[in-house]
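To start, the structure under review is shown below, and the notes come after it.
Naming follows writing order (A, B, C and D), and every chain is counted from residue 1.
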Amino acid sequence: MTAADADPGSGPGAGPDRDSDRDPATAPATDPVYPHWTEIPTRWADNDVYGHVNNTVHYAFMDTAINTWLVERGGLDFRDGPVVGLCVESSCVYTAEFAFPDVLAAGIRVGHLGNSSVRYEIGLYRSDRSTLVAEGRFAHVFCDRRTRRPVRIDGKLRAALEELRRKP
Amino acid sequence: MTAADADPGSGPGAGPDRDSDRDPATAPATDPVYPHWTEIPTRWADNDVYGHVNNTVHYAFMDTAINTWLVERGGLDFRDGPVVGLCVESSCVYTAEFAFPDVLAAGIRVGHLGNSSVRYEIGLYRSDRSTLVAEGRFAHVFCDRRTRRPVRIDGKLRAALEELRRKP
Amino acid sequence: MTAADADPGSGPGAGPDRDSDRDPATAPATDPVYPHWTEIPTRWADNDVYGHVNNTVHYAFMDTAINTWLVERGGLDFRDGPVVGLCVESSCVYTAEFAFPDVLAAGIRVGHLGNSSVRYEIGLYRSDRSTLVAEGRFAHVFCDRRTRRPVRIDGKLRAALEELRRKP
Amino acid sequence: MTAADADPGSGPGAGPDRDSDRDPATAPATDPVYPHWTEIPTRWADNDVYGHVNNTVHYAFMDTAINTWLVERGGLDFRDGPVVGLCVESSCVYTAEFAFPDVLAAGIRVGHLGNSSVRYEIGLYRSDRSTLVAEGRFAHVFCDRRTRRPVRIDGKLRAALEELRRKP
């Protein structure tokens, strides 16, 4: 069963059962352990007409948690550096809701680190870090800024990504 | 092979080969046929520091194409109606880039229509509708506005969604 | 009287009287004539929790209308060109509301063209171009991309801005 | 002199002189004292193609600082409460730049409190609270949620706004 098969009785917030047959490719990992956490306050305009944080904004949370790490630990110079990280794939499963003025906790880890690419797994939790609200995946390919061809992840950047593979 | 395994030589814009072993659960469908299209102009602030439309904005394109249809054809009253469509899952595969001031063409179809939920498939193309830039999936569960429990999709709303299952 | 002095009986949509003593510095000009118009469709996430387009989004409309002109007519190369337009001041007076899925008409003209700077006046209208919803001002200083020091507006860029001073 | 008259030699970051003749209606107040401060981290997508926080985002900072106060101290119930705060006027003067991953400090105070309306003054500073980056004004009219007619500001809400008029 995927989300698109949900019957009345399941739904957002309906509990773990709704995910029991979830497609393994997008299933949340069962281990809620992340080597790095970022606190992100919501903004007024994150709330949409339904009074909760709009689905698109969760990707901004992921993008922010990941790039903060890349800039602060990986030496990413997004203005002038020779290498840029381009998103090639992303996904999110929503199991509950945030609403402004919540502050959320974003846990990030690296699920796969390849030659030129990396797949992050991101857990978006309430600030107590115990209640999962949404779980995402996000893949970067690191490319030459001008040619946009993939390049090998090296040096400080690779070290920072390796750090996100460690269990705390 | 997933995007996260990309080697130098593949990458965004590197052509169909990079997807050859893509996980079937997120694989773009091969049929580029959509029963409904929406034109969406980009905005200045859609461009991020890399000079292209930020990955998160593609979800805003999807959300907009889908909800325009629901409002105009499905009778969705997002302000006061008893039923709201909540996103429970979304994903996107990026194969090329948009950049302001591009105008894009969003094709939408319904891949699965259940009792209370629906999965949309969205193709984001250049305005000529022949060049695919990103392909997304997006699942709504329709819920009671107050209780947020799933409800059966009926009447005008179901008819509008059925219309998106038709091949043109 | 400024907006901040409004009494019950005036307010958004309360008609022209509420602006009768408006501070001249932010008063809408009385001439609703713009040499250039852009159509901008709203997006789902533009609506905030009050079911109308959030105030911040009106600045994105202005930014988009202006930069579309600068790119298409003024030869602005925002990725690699030597000159960039930096916003130094902006303002908006809101007299009514947009709501997704409205399409709006943005009229732009140049109110003042200096040596290195320009002040735009932007009218955001319903698509029929007869009902004003919000009126904005927006000032760019054109600067050297690297030093961020003002430079003289010249050539194709100045010609494009002069064109926005013409009455139609 | 307004921003639109800037000559080469002045401009964003060119120092206090450029504001010497600024129109009093939009002149920053000289007293950098705010009774309430909020810390706001920037997000990746706040940066635009010029590598700094896009001008429109500063209004989201203001909106967020103000509404956080209204919800937490003023008892604003933006989902179901009978009264909503609608923005009728806003402005911002930009004197420097933020860039992701900056964290900023937003100081807010009330400049004028009327019967049904309020004008806030917002200073957006670097996190040390000593360097001003942008200064804004923002006016709310409080209205009945359904009729959108102005109502008198009373009770807990008025008390919270009064608190923002006090010098610390």
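Here, a residue touches a chain if its C-beta (ideal position, glycine included) is under 8 Å from a C-beta of that chain, and two chains touch if they have at least 3 such contacts.
Model, not experiment: these values are computed from the prediction.
The chain with its C-alpha centre at the largest distance from the centre of subunit B is D.
One inter-chain figure worth recording: subunit A and subunit C are separated by 35 Å, centre to centre, where each centre is the mean of the chain's CA atoms. Taking each chain's centre as the mean of its C-alpha atoms, subunit A lies 19 Å from subunit B.
Averaged C-alpha coordinates give centres for subunit B and subunit C that are 30 Å from one another. Multi-chain contact residues, meaning those touching two or more other chains, occur in subunit B at positions 44-45, 47, 49, 51, 54, 56-57, 60, 63, 78-79.
Contact topology of the protein chains: fully connected, every pair of chains touching.
Residues 40-41, 43-45, 47, 51, 60-61, 63-64, 66-68, 71-72, 78-79, 100-101 of subunit D are the ones that touch subunit A when the two sit in their complex. Residue ranges on subunit B touching subunit A, taken from their complex, read 2-14, 23-26, 49-50, 54-57, 59-60, 63, 78-79, 84, 86-95, 111-112, 114-119, 139, 141, 143, 148-152.
Taken in their complex, subunit A has these residues touching subunit C: 44-45, 47-49, 51, 54, 56-57.
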